[in-house]
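Before anything else, here is the set of structures, which you'll find just below.
First subunit A sits with subunit B, and in the next complex the same chain sits with subunit C.
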Partner chain A sequence: MEELLGYLHVVVLPQVVDALIIGVALALVALGLTMIFGLLDVINLAHGDLYMLGGYAAFTLLGWGAGYWSALVLVPILVGIVGWGLEELGIRPLLPRADRAIVTLLLTFGVSLILRDVAQVVWGTETYAVAAPFTGIASFADVFVPTYRIFVFGVGVAAIFATWWLLYRTRIGAVLRATAVDPPMVASFGIPIRWVYGFTFLYGCGLAGLAGVLLGPIYAVFPTMGHDFLVMAFAVVIVGGMGSVIGAVVAALLLAQVQGLASLWIPPVWAETLVYGVMLLVLVARPAGLFNRLGEA
Partner chain B sequence: MLRTSTLLCSVAIVALASGLGLNAYAADPIKVGIVTPLSGSYAPIGKQVRWGAELAVKEINAAGGVNGRPFELLFEDEEANPPVAVRKSEKLLQQDKVDLLTGTVNSGSTLAVGQVAERNNRILVTTVSYAPSITGAQCNPNVFRVNANAFMQSNALTSWLTKNVSGKRYFFIGPDYEMGRSTVSAFQDDIKRLGGTDVGSAYPPLGAKDFTTYVGQIRAARPDVIMTATAGNDTVRLLTQLKEYGILSNKLTLAGAAGAVTQENIGAMGGAGEGFLSAAGYSIDIDTPANKKFVTAFKKEFQSDPDLFAADTYGLFYLFKQAIEKAGGTEEQKLRAAMEDASWETPQGTKKMRKGDHQAIVDMVVVKVNGSDFQTVGKVPGAEAVGPDKCEKF
Partner chain C sequence: MLQPSPPRAGQAPPPKDAARPTVGERLVRILYPSHSSATPLRWLALAMLALAVVFPLLGGPFYTRLAIESFLLGAVALSVDILLGYAGLLSLGQAAYFGLAAYVSALMYLHVTQSFWLVALTAVAVVAVFSLVLGAVAIRAKGVYFALITFGAAEILSKIAHNTRAIGGSDGLIGIPVPSIPLLPGVAIDLHNNVAFYYAVLCVLVLIYLGTRRILDTGFGAVLRAIRDNSDRVPYLGYNAFWYKLFAYIMAAQVAAFGGLIYPLLRGFVAPHLFGFEVSTKAVVMSLVGGVGTLLGPLAGSVIVTFLESLVGSYTERHLLVLGVIFIVFVLFLPDGLIGLARRLTAARGKAGP
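Entry: the complex of A and B
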């Protein structure tokens, strides 16, 4: 009995704490993905590569002598602007088309490949470590957590609440939610829909950039980092409900726990498979996901 | 106007023709296909392989080539992924008609490409893979290995560790495929034989991002020594994350396979690899004129220090040169015979090929990471480390 408690304490509990932190970061990537889908019906396959861009931008800014704090502020803005440019130049012209779901999927897939190759040309194929702004370790009841991970958790939670507040407590949020349901009606009020769409991309991609800066010191940066993360983020969006903000957060926390805990007992590769198993089950039981779309709740 | 263009055309034709003429008269190059990871987790290793090959070829070609024929290198990215390595090596053999293959890093790639080479009647030499099976249970008449294998590393390293480290509790980590599993099992066998205790092991997948899963397990096992067979960027993430979680301390000894901590990934670790011990067939501080010459030339060419992969790949081209000269060409049967009983000079000294299993006998050095350098702390002769010939196929 004591041995079991010891095992739960030393092995299982730290894993739960760690998965919670990774879950929050995963939620940031999934939030942008789900917002863009909820408003524009666009599946942004380049989203993971914008996360990668965030990691590399932080690495480069730090290399130029900028402090971590300025990178934390600047990088999401930079990545947001890239995302906005993607919407302005790539997505917008395709939106009037009837087959926009599939053509934008192809477009963002192409952009994803280009971004990854550009990263390989500019930064090479090696992995780079991003220096954490502080090191050290905190322990609560003999569970050790690096202080930087606590910081990531804090910033992530703050960003999630800010997003919730923006969507549900501000006028901009009301416009966004209304646009998700009935764009022509919103337009008829004299609100320029193109700016709403542009803002959605700016904000959603900015969140991916933020996740890139936050996770850079933990996972290091490399060209395929976005791809690895995107697949997981998609599972999150599907489980949470395509276009659901609350669903994205809940599903991110849930799937991170599934993966984290499962990898204690089965090989991590299979833990990933288990995550997709959960995704399939949700698709079978509730094809629309666990939560409702943006604007419908 | 017409005249100008006619003139330009004829100049172009002349230039082209003379170019073609030159090619036709120059000696046929000896084409060497290098299937090595140029991207992904093992990219840093592929880079050293590439540099080692380029330097050797530059020197040999400048000195007149092999019987007047220059070496020509053709690179393909194997992504440390056996199916990709097979596809790329088929392309090199069928389309580019290469005479020899080398460069494979992932042991699974070496085993798979070895079969491709055998089907195409060509020779593959690995300068990096250290899974014992390559020259053991799964040995192949068309595959040679010039670097030290996991048995040799384990032999040399574990005998040093058990003599010099007082703690007896050992924890093992290896990537979840042929090389990782076999290296860890070699470490485990030797440590147990020498009186150490196996307190646990973990097998993360190749290219794992998150090693924190194992932190609790390691903490619970209270090891005195952690031995790892991870390589390239995996070791970077493993050691930085262990450091982040406060596992590393001066009471814990880090050790592992020769490819775990190298010149190429040590910089990215931010000091987490300090004190890491490994046994390898090469160390940059080997004090011989041949090695000094190699290191100086390498630094001048690439502004970077060579590691064991570069040294072993560099040395291989001198084996190629010697064997092709002896065989009078690159015909498979004769070349194999010439390589099988070869002794040749490399930066680390004379290497000897063992005919029975195609494993080169290499003197081993135990090295310790000190800052960004590797210091030799012990030596084991190759004949002592190499162990018995376990190949039964030829």
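Entry: the complex of A and C
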């Protein structure tokens, strides 16, 4: 019994804490994906590459001598603007088409390829380390966690709550949720739908950029980082329910734990496969995911 | 939003006691072509075939082998078109079957047997089982979910291949022997001979194309197109959409597997990237460039894209960028591809002419 408690404390607990932090960051990426799908029926395959762009932008800004804090504020705005440009130039012309779900998917896929290659042209194929703003290690009950990770957790949770507050406690949120259900009705109230869509992309992609800045110092930045993260983020969105905000958060925390704990006992690559297996099971049992779509709750 | 309203519960179900067609009648209906719209395409197909037949006489060994590769990728593009153009299913993971067949073929040659037919049979069986299982899961998920599941499945296979030491890990498998393929007693195809290799692959590809065209020209293809156009109404006509989609999926997997089966013999190696998004993406780009829903378009598209890539590749390594730009241009401006463009041009000329 003592042995088991010790094992749980020394081996399992740190892994749980680590997975919790990753889960929060994953939730930021998944939130943007799920909001964009909930409002526009668009699956943004370039989302992972916007996350990558966030990491690289932070690296470059820090290299130019900017402080970490200004990068933390500036990068999400920059990445958000890139996302907004994508919506304005690429997605909007396709929205009236009947097969918009498929054509926008293809378009964002093309954008994703371009972003990844542009990143290689600009930054090369090396892996860069982003300097963390502080490097202490905190300990609670003999579990050691780098202070920076606690900071990431705090910012992530704050951003998630801010998103919840925005969506469910403000007028903008009411408009967004209404647009997810019935865009023509919202338009008939005199609200310009194109701005609503533009804002959704700006905000959702901004969150991906934020995740890029936050995780940069933990994982370093490299050209395929977004691609690797995207498959995981989609698993999250599918399990949580496409278009569900609460679902994205719950599923991100859940799947990060599944992956984190599983990699204690099986090789990490199989842990990833296990996450995918969980996703398939959810799809078979509850094709619409665990939670309702935005606006339908 | 855009989704059609689900069928109301109060509506009468399709009458059960209405005269059901017998098995024989169904078989006849399935085998009988329901439409023949292919006359303008036929000339294009013949022109392409003529070009393909004379090609090895003009190009050197490098271009002959490049053309073989474009045929193999063309099979994957064709499989994308079967799904997207006929069943309305966008698969972003057809590379799964390309890679699976390539690995099965490579492993069999290296460790089990040198008999091409035995290897082919095994690859067909493995791909059939895998596509049956994955298809049954993926097809239950509608629309965009299907694209995501197929995308993810191929990614996972690629990761497994990348991380499993026993099948070569990230290096893949090299040194795959090139067998000669016995056709009849005393007649064999020697794959060391590029020209023979070329014509053999061309022959099989033409057979696959004609076979696919034949199958999709029947009642089966008509039901698939009906599912693509309105999947909610099809069940009311007495068709179970699931089985039709599943059959199309399995068929497409086999078509893509043909490319994978031959690929190791052409290049002498397999690597995890064969499963990866790059092959899947290329296949979708190729169908888009040629024209989705034409079956011929993806084959033309694969030749164009492969040669274009080789051309661009001699100047820069940024071929993903090129693929991405082609992707966007065709999605935004030429949604029906080159064949669609040609059709519109000829239609416009027909109107403008005297």
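Just so we're on the same page, the second predicted complex is superposed on the first by the 297 of 297 C-alpha atoms of A that agree within 3 Å, B and C clash if a C-alpha of one lies under 4 Å from a C-alpha of the other, contacts with A are read in each partner's own complex, and residues count from 1 in each chain.
In this text, a contact is a pair of C-beta atoms (placed from the backbone, for glycine too) under 8 Å apart; a residue touches a chain by one contact, two chains touch by 3 or more.
All values derive from a computational prediction rather than experimental measurement.
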* Clash or fit (per the criteria above) of subunit B with subunit C on subunit A -> clash
* To do: Please work out whether A:Ala129 is in contact with subunit B alone, subunit C alone, both, or neither, and reply first, second, both or neither.
  => first
* So, does A:Ser112 touch the first partner subunit B, the second partner subunit C, both, or neither? -> second
* Taking the superposition as given, does A:Val269 touch the first partner, subunit B, the second, subunit C, both, or neither? -> both
* To do: Classify the contacts of A:Phe234 with the two partner chains as first (subunit B alone), second (subunit C alone), both, or neither.
  => second
* If you stack the two complexes on chain A, which partner ends up touching A:Gly90: first (subunit B), second (subunit C), both, or neither? -> second
* To do: Quick one: classify A:Val186 as touching subunit B (first), subunit C (second), both or neither.
  => neither
* Structure fact -> Re subunit B stretches 4-12, 40-48, 58-66 or 76-84: the one overlapping subunit C is 76-84
* Structure fact -> subunit A contact set shared between subunit B and subunit C covers 120, 267, 269
* subunit A to subunit C touching residues, read off their complex -> 41, 43, 90, 93-94, 97, 100-103, 105-107, 109-114, 116-118, 120-121, 180-183, 227, 231, 234-235, 238, 242, 267, 269, 272-273, 276, 279-280, 283-284, 287
* **subunit A to subunit B touching residues, read off their complex** => 6-7, 10-15, 18, 22, 120, 125-129, 131-132, 135, 137, 144, 146, 148-149, 218-220, 222-225, 228, 260, 263-264, 267-269
* Structure fact -> Within their complex, subunit C touches subunit A through residues 1-2, 84, 90, 92, 137, 140-145, 147-149, 151-153, 155-156, 159-160, 162-163, 277, 281, 284, 288, 318, 320-321, 323-328, 331-332, 335
* What does subunit B use to touch subunit A in their complex? -> 38-41, 43-44, 176, 203-205, 208-210, 212-213, 215-217, 219-220, 233, 236-237, 240-241, 244-246, 268-270
